[in-house]
């Protein structure tokens, strides 16, 4: 009834494990987790500069407070007495088309725009202007632009500056910005690139399949969800009614990060 | 009906995000993902040596081929046409008491043994011998010892050597090994520490709450599950009958990792 | 690596299906869904009176409005653009120790009390009084008693009256009420049996394993969760912030059920 | 930040619950679970004949042995030590486009065909022939037709005969059969309507929204999944490797259902 099936990810032999051809015990201690994430998803090791950008992407999305639906779903499930992993699963189920999904949709928009630019021999500005006009006519949103809390998302600027320093920023980053400018010219309104849009541009630069965009966000967000679930379990009463807007931060006040930037990271 | 509730993880203000008091945009580019994982779970930044050990733990658990139940559950759900995140959720639901859960159970055993050593003024060997005797009398297993595939798990040795170099190995690592020796003396049989046991010892050294052991494994394994789900979606037929034993590795042959160990990682 | 394993639920042959030995096509049209639920869970068909009680239990738990955590979790996940089944899965993950779980815990309490009554040759009142005293001394709650909305839950009275008419009410129902009375005598306070407690007593009468209590609640609640998820998908905006307390009923006003009680149901 | 939102399903007041306007305690004991399922999903009570058909649909899909992916996913998760509800959630995550999803797809096909028949003033046979030709030209499958185990699914015939007796079979059932005949004429091959196709036709007759097709299947299958998870937990070793093909039925032998058909059911 079943057939011999193939897998190209991990070879398991007694006392030997290969991840995409590399011995797992050789990867340990020599590569950061982000580098091995890249390896397992893409099949090859990243150049150090690319690893640095992926690290920054993962850090940028680790948490966004108590109001995102993934956090609320995970906390709600935790409050019923669910185990930690079941609570995380509910969080993962919430990372979808409308939450985190803007990364995938923005990647598609950027890929189309860059293709149009290349095929039509256009400048980035021309391709962006044509895309903005087309989407406005069709009543389509611009995924990866605008944010309900941040008008000038600090994560966006930082991601782009890290990518530029690392030499990873190319025509997708250029296009992401050209679209923002085209939108402002067309409408007279600012609709800044948000963190999803910035990540989308960088995943395009790194040639990630669009189908993995959501997974990158999930990988990044699981630790944040874990912190929320653990906090819920250890500091809150079971079965409380969780009012999303009605909470207060009582963690450490702002503190300075003294540590020096190490180029390998 | 609802009360003002508190959270100490992330402060969200317009254009400003603090993770445990640190500006998220300052963490980006300066810290590896593993360091920020440590920060968000434990509330403080890790010393560089500790970050290196956590990186190695996460890398060690990124995947173990196609047969673990979390992988089979995720692939089975994916084969029905589920979205990537729903497939990952099924994988997360499988990381439990019997799969990944040995880390938590082994942490508890090691903590008890070290406490007994301290309180009773015993040597590690004496505490270990007493624990092994007790558990054998009660018919209790030793979680974190033995493996159905590996007799000499390469990940265990590597984790301990990284921890020793980093100065992180202390009395929990000592106890983990004393238990292995006590078991061999008591029974004449080898029951080597497996990767779960090694991770357990290191999480004890880093003073992680036992309740987070499972989450560390989930954080590490999500990228591996993603690779499997994506492979299932892109290379296999929907609704196939997935026979766990009946697969073959067809990825790259063993290849050499040339890259030099960089001390910061 | 794998062994031949056994299953006693359903026999599948070409053009023939047996559920616990009965041809599925013979069950269809002759038995109600609740009767076949009983068959598949317990291995035997229920007498008609028992089927009537199980039908009433399932009806009693079909929904409880928008505030239970399972409903909020399912709606939250749905609002992110998840599919219907993924939203339901999040709801199912919320039916746990603290939500629905009182049925299981109350079954255990009732079983202990009835056992004590039988073994000690006590009256129900004596066993109940001793149980209430013991739990109050230990600071243990009485699962299945009290409700945050209802002081006199209409579902409880109805379940007990249906069970009495059907001849299903026996010493577990007697004990459930003896405990309520013992509590009132002991404390001077009313802590009425809630719907979970009533279901617990009836599942004990029907000799259901306690481990299936949660499943009975899930079977009953899935249609309610479905209605909520579908309403969320068709009438609400994606990614809205769902404030649990802040909703209003706008469905049909109270209407009369004219239909005559048919004894077979 | 949040708005007053509306829900039309259940009104919860102290000591009073209305489901779509009916008092829940009045529904209990007077209506079967399937009738209240219909009420909560569609907003109105079904006529008795319709209730009978819905009961038969739910019974028909309660289980299909150990090999469907939802069963395997639920058992796999259960074998890791997951709780019953988490195991069921994994099963629910597997009921999707390719598993159970044929009901939804077949409903769409039947609706299109019936619309074409009505709009074009065609006979069922003409509309069916045109649809079969079109789909074969486009390389599209016929969802709801053919089965990998059954050539003459006993559930299909029974569902249609129950629906005919109940007066529920109308132009969708006619179309479902016209398509089977058109396919045979066109290709010379038999591709019989399977249980999904029969359910699809009946849900169309009952005017169910296509978006709820999957939910009807989930409602029906949860008890079967529960039986499998409970069997896994009570009779199998944890972390066993579950080989889908390698199992044997060891339940009761075929037995006769003596009970007389009661018209109210």
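Every chain is named by a letter (A, B, C and D) in the order it is written, and numbering of its residues begins at 1.
Just so it is clear, a contact is a pair of C-beta atoms (placed from the backbone, for glycine too) under 8 Å apart; a residue touches a chain by one contact, two chains touch by 3 or more.
All of these numbers come straight from a predicted model, not from anything done at the bench.
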{"item": "Of B-D and A-B, pair with higher C-beta contact tally", "value": "A-B"}
{"item": "Rounded Å distance, chain A centre to chain D centre (Cα mean)", "value": "38"}
{"item": "Averaged-CA centre spacing for the pair chain B and chain A, given as whole angstrom", "value": "23"}
{"item": "Chain centre separation in whole Å, for chain D relative to chain B (CA means)", "value": "41"}
{"item": "Interface hub residues of chain C, defined as touching at least two other chains", "value": "1-2, 67, 82-83, 85-86, 89-90, 93, 95-96, 241-245"}
{"item": "Arrangement of touching chains [line / ring / star / complete / other]", "value": "complete"}
{"item": "Complex contact set, residues of chain B against chain D", "value": "67, 69-70, 72-73, 76-77, 79-82, 86-87, 89-90, 93-99, 101, 238-239, 241-245"}
{"item": "Chain A contact footprint on chain B (complex, rising order)", "value": "1-12, 14-34, 36-37, 40-41, 43, 45, 52, 55-56, 58-60, 62-67, 83-86, 88-90, 92-93, 95-96, 149-155, 157-159, 161-162, 209, 211-212, 214-215, 218-220, 222-224, 226-228, 230-231, 233-236, 240-243, 246-255, 257, 259-262, 264-265"}
{"item": "Touching residues (chain side chain B, partner chain C) in the complex", "value": "1-2, 82-83, 85-86, 89, 244-245"}
